[in-house]
Every structure is written in structure tokens, then in C-alpha cells.
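What follows is chain A paired twice: with chain B in the first complex and chain C in the second.
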Partner chain A sequence: MTRKNVRITGLAALAMIATLTVVGFPNVKANDQPSEAATEVKIDNFVFGPQTITVPVGSTVTWINKDDIPHTTVSTDGVFKSKVLDTDEKFSFKFTKAGTFSYFCSVHPKMTGKVVVQ
Partner chain B sequence: MTEKNKNLIDQKLQNLNNDGVDRRGFLKCMAWAGTGLVWTMSGGIPMSRAFAKSHGKDAGKGGDFSFVQISDSHIGFNKPANPDVTATLQTAISKINAMPHKPDFIIHTGDLSQLSKPSEFDTLDQVLKGASAKQVFYVPGEHDMLSDNGEQFLQRYGKGTKGSGWYSFDQKGVHFVGLVNVANLKAGGMGSLGHDQLEWLEDDLKGRSASTPIVLFAHIPLWTIYPDWGWGTDDSEQALAYVKRFGSVTVLNGHIHQIMQKVEGKVSFHTAMSTAFPQPAPGKAPSAGPMKVPADQLQRVLGITDVNYLVSGRSLAIVDSPLGDSGSSPSGNAGIPFAAVHSIRG
Partner chain C sequence: MFSKVPENNEGVLNLPRINFTVLSFFPIQGFLGTGATFAADLNLVVQIIMGTGLIVGWFLAKRQRYRAHGICQTSVLFLNLLMTGLVMWPSFQQQVKPALTKALHNRYYEAATIHAVFGTVAELLGLYIVVVAGTNVIPQSLRFKRWKLWMRAELVLWMIVLGMGFGTYYAWYIAPFR
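And then the complex of A and B:
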């Protein structure tokens, strides 16, 4: 590697830092906020809301049952399975791998949802 | 409840016409939570009437035997519209005990408990011990299989049953089959019987005379009432194919906490009220959750709306005529679905 190349790389790195500082950082913040807020899935009126939730790898998703009727959260592929959630009870699961995880309520199987992990 | 109207079946036979179902008849049909239906077998043809009418002098007369269906007691539920479901179950049992003609047995079509807790099953057992009819036949609801795939339910109520709890028995020439359609439910689906149970059913019915009256009972309706809420059973058609050759088939279900009836050929479908809380008519609320009403209005709310998907021709009399009666049911069913909404006030 020549000196010149190093300098260019260094400049590129500087430029990247500059971009991150000016543009990137607010972007990261903006991305964080919705995923933070959306890591909770409310079970309300026999619906998982939001029905599809997109989160970064490593996120923990929490389901909370707001109905007067018990529900469950069960991965269609056996990745996770909650106990029965009575009113206001919660279940959390940490998604450590990317992918799309379909789930449903095993008591009311018409209730379905998806967690998209990126 | 007038004397004139005490027999729902007669009343409806008299009043039904082309434009729908008699409103008063349906009002009579709408007993409140804590009641159930009494079924009288007469010549193998089951007839139903709401409990509230069963105190008349003709109640329970003429049947070869009778039984009571109760459903959806949800012991452990403690929210509006019914913070005391044990009390309303007790009321149901008291009404059964007060019937002039003692039923031979009770069928409970599931959701005994709210959360499958041992204490809930214990309470149910205590209340049912007070019933004059000592024999109770159970099938599980989804609430009875919440935490252990129904193991506890099977231990308590399913001795001698097959698979997840299905079985059959005979009573004075009537063949009863208890089916389980709440086990191993699949994402996006409704109730499910499953291959093993269907095979067993086919075998169970094999060799029986077509004149044997058949009563199928299961928690979730074995006919599709409202798919959006999962009110149906995905593979019930297969089960119904096996009973098609029989002259009288009665299907008793719970799950939807309201009365609905349908007659299709020789098969009559009925759903029972809950002893715990009402649920909305299909599509009349954002979800199938409990209908919350003030306690003093419970009775009225349960009486407000009834929706019937009926398959019939010109005459609607078959709706409540003795179920699956090949002899007296009006013929010529055109297979036209009929839906009626009855608003009953005052």
C-alpha cells in the first residue's frame, strides 16, 4: 500500500465520519425511535398490533394482552412460545437472528402476526 | 313468558313464514346467562326449549329421555359483564334441578374453565355436584387446554376417551358422539378435528343402522358461522359426510355464547348459550370478546340479537322443528342460506 492510497483511505474515512455526523447520526436516531417504540405488540380486540413489526437483530419484542380473554403468542416454526397470557400479562422474546418469524395465538388461531428481524 | 308461547317449537312452526323467523319465538329462545337448553328425545327426534319455559305443565312430557346441554361456564372469568360466573353456573344448575322432568344427564360443551387452572376445575366440579343429574358428559373448549395440551382436562373428565378426549356412548337407542375440535389448532385456521379423530369417527359410525338418531357434540361449531372470528371447524365437512346417511343428526355446540340454529337436510345444528357471559353477534363488534353490559341489562342484551344462517326452502319451519326429522320436516330444501337479525326490545 502506497502513502497516497493511505491518504485517500484516510480522507474517505474522514468523509464518512463527516457524513455520519451531519447526516448519519440523525438517521440512526430516527431509525432507533420507531423500533424502540414498536418493540411492544399489543393484543387488543383479538388482533396483534402492529400485525407486522420490523426490528433490528438483537431486539426484544414484548407482547401484552389487553383483552379480557386469554391469548398466546406461538411461533409457527416453533421458535418461541408464550405461556397463556391473561389480561395485562406480558411475554418477551429476544430475536438474535435475522429473518421473518410468523406467529399466532394458539387459542384463537385466526390471530396471526409477523416479526421481521433485520 | 306467556303460556301461549311456552313451546318454542310449536310457536315457531305456527308463526314462521316466508319473510323470516318469528320475533317472539326468538325472544323466547333467548334465555339469559345461567340457563341452558333442555333437550327431549321423543322417538329419536330431539326438541329444544329454553329453560325458562320448562316450568310449564307440559315441560319435559312425552320424551323417552331428556338431557340438558350447558356450555361455556368459564369458571375463573371475573370481568364485566359477569364478575361471578360461579353464581350463574349455580343458577343454571338450580334451574336444571327445578325442572319437573328430571334430565337423565348433562352435556357440557366445553370452556369449563377460563384458564385451565386446577382451582377452576375444582369449582366447576363442586357446582356440578349439586346437579340432580349425576352423569355429566364433557368435551373440552380451548380454554380447558391452555397450558398443558389438555392433559389435566383428560385426567379429570376424559377417562376412557380416545386421543385428545373424543368418545361415544349410547342412550336408549340414540348414539352420542363427543368430539374435540380445540386441540392442535393451526395458524390462520378455525377449529380442527384432525385426521385421527375423523378416522375414529368413521369407524365408530360404521355398521350402525341409518335409523339410529345421532347426536354429535363439540365445543366449536361444526358448521361455519363466522370465519373471521374462527367460528367454525376447518374439517367438519368430513365429519358431516360420515353422518349423512343417518335419518336424524343433531349437532350441539357452544363457544359462541349465543343460540344459533341451522338445518341442512337431516342435520340440525344448534349452539348453546354460555352460563358465563354473552358474546356479540357475528361481525357486530370489533372482536368476539365478552359483551360488557350492566348486570341488570344482561338478560336484555342477550335477547337483543340473534342471527341464524338457515338453509331452507320456502318454509322456515324446519328451523325449530324436531331436528333432522325426515318424517315431518318440510321437504324441498333448496339450500338457500337465510340470515335474519332480530332486534327485540322491551
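And then the complex of A and C:
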């Protein structure tokens, strides 16, 4: 390989890295957005996270209490209702119909969240 | 009260079940603008009224209106028993009792546990005073004679418990949402 070829190969490699960097970042950012595949909601520090989650019909959403305080998950329109969840306890519900399901913690009603089923 | 909402960890049980939790009689959202439930807000307001009632009762005793004093203090005592049964005990049982092992490691549980212990003592002492003052059920040997001392001690204890109640309300429904 001549010195000229080495330079060309080096420049091509740099161009490829630059392209991947520029094009790659938006992809990383897109992954930070609420994912439609996410089916786990963490309860931590008196907040449901993510507060809104979008899932396909037939998905099972699991709430896990990562707080050291008891919480519940209760649907506003009475579709589902968990028992009081202590630390690390889970509650799952399968969404078989499309719609937007608002829910809250019945112990701390200021804690609210939403499941969007599409 | 019947609840048609599935309530288990899998969320699949659809059988109606009898829900004995008296808390479910109340609406969920509180009315004081904090993170509290309606029942907790109602209890707070009733407790403030009861605390004021006890001070009014104390003034009645000072003015030697003993019958009115007795009615006032006894009403507060029984109203507190009702609020304990309707709001505080179910709430304690639901949230604190299952986690008593960590009760002294977390302000959330500490506040409620200490309030519950002192509150129980205050309520029992109040009942004892009412029974001694209003009936002859208690044998003479178990009846106190220094009325003012016992009643003042009960009033002071009640006020301390009331303060602890405010502390519990703050730890549960205000501090986490600030």
C-alpha cells in the first residue's frame, strides 16, 4: 500500500466516523423518548416513571415499587386496582383494549400516570 | 361495600369482593391542596376542631361549668375514637403495619408509629378519666383523686399527640411533594 493510499484510507475512515457520529446521535436521542415497547413502570420517590407509557394492545404493563414507602396503582375508571405494594412488590395488568387509561396511587392521589394502548 | 375492580398482583381476578376498608367510602382526592386523600384531609380538619374543643372544655371547667365541660371532653374523646376507626387505624394498618420492621429507619413510618403509640395512650387515659368521672364502674382503689392533675396531664398529652398528628400529615402528604 502506497503512502497516498494510506492517506486516502485514513481520510475515508475519518469521514465514516464523522458520518456515524452525526447520523448516529439522533438515533440515540430517539431511544431516549418514551418507548412503545416499554412495559414496566417504576414507582420511585413518589413518582410513576415514565408518567405516560404507550403500548400495543395485548401488552402487559408491570408496575414495580422501588420506593421504600407503600403505594398502589388504581385506574381512574375502575379497570384495574392493585393491592398496597411494598418495596420491590409488583403489579401487572394486561391491556386488551385500545384507549387511554389514567391511574393514580390511592394512598397518595397526587401521584398520577397514564397508559396509552394503541 | 362491593368492588368490581380486579385486585391481585396479576390483575386478572374479576370476581366481586367485599371490601371492608371504610376508607373506600370517601372520595379519593383531598380538598386542602396537599398530596393527601379526602379522608386524611377530613381527619385533619376534625382533629383541629377537636383540639379547639378540648381547650374550650378546659375553659368551661375553669368557669366551673362542669356538666358542659364533661359533655365537651367526652364528645371529643368519642369523636376521636370514631375518626381512629374510620381513618387512622385503616390507614395505619394498610401502610405502616406491614412495614413495622423498618418503622424506625424512615421518617414516613417513624412519625406514624410514634403518633399511634402516644395516641393510643392518650385515648385510653381519656377513656379511663371519663369512666372514673362519669360512672362508678371502677373500684375505689383504682380511682384517682387528684382530678386536676390527671385531666391537665391528659390535655397536655392530647396536644402533644395532635402535634405529632400534624407531623405525620406533613411527612406523608406535604414533604414528599415539595
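Going forward, the second predicted complex is superposed on the first by the 81 of 118 C-alpha atoms of A that agree within 3 Å, B and C clash if a C-alpha of one lies under 4 Å from a C-alpha of the other, contacts with A are read in each partner's own complex, and residues count from 1 in each chain.
The working rule: a residue touches a chain if its C-beta (ideal position, glycine included) is under 8 Å from a C-beta of that chain, and two chains touch if they have at least 3 such contacts.
None of the values given here were measured: they were computed from a predicted structure.
K.L.:
Considering only touches as defined above, state whether A:104 meets chain B (first), chain C (second), both or neither.
P.N.:
In the superposed model, A:104 contacts both chain B and chain C.
K.L.:
Looking at A:90, would you say it contacts chain B, chain C, both, or neither? Reply first, second, both or neither.
P.N.:
A:90 sits against chain C, while chain B stays out of touch.
K.L.:
Scan A:46 for contacts with chain B and chain C and give back first, second, both or neither.
P.N.:
In the superposition, A:46 contacts both chain B and chain C.
K.L.:
Now for A:54: first (chain B), second (chain C), both, or neither, which partner does it touch?
P.N.:
neither
K.L.:
Is A:112 touching anything from chain B or chain C once the two structures are fitted on A? First, second, both or neither.
P.N.:
It touches chain B, and chain C stays clear.
K.L.:
Is A:81 touching the first partner chain B, the second partner chain C, both, or neither of them?
P.N.:
second
K.L.:
Using the superposition described at the top, list the residues of chain A that contact chain B and also contact chain C.
P.N.:
45-46, 68-70, 74, 83-84, 86, 104, 106-110.
K.L.:
Which residues of chain A touch chain B once you look at their complex with the stated criterion?
P.N.:
45-47, 67-70, 72, 74, 76, 83-84, 86-87, 102-104, 106-110, 112
K.L.:
Please name which positions on chain C make contact with chain A in the complex.
P.N.:
Per the stated touch rule, the residues are 3-12, 28-30, 34-37, 94-95, 98-99, 102, 106, 108, 172-173, 176-177.
K.L.:
Could you pull out which chain A residues touch chain C in their complex?
P.N.:
45-46, 68-70, 74-75, 78-84, 86, 89-94, 104, 106-111
K.L.:
Taking the touch rule as given, give the residues of chain B at its contact with chain A in the complex, in rising order.
P.N.:
Within the complex, chain B touches chain A at residues 77, 79-80, 114-116, 142-143, 146-147, 185-190, 227-230, 286-290.
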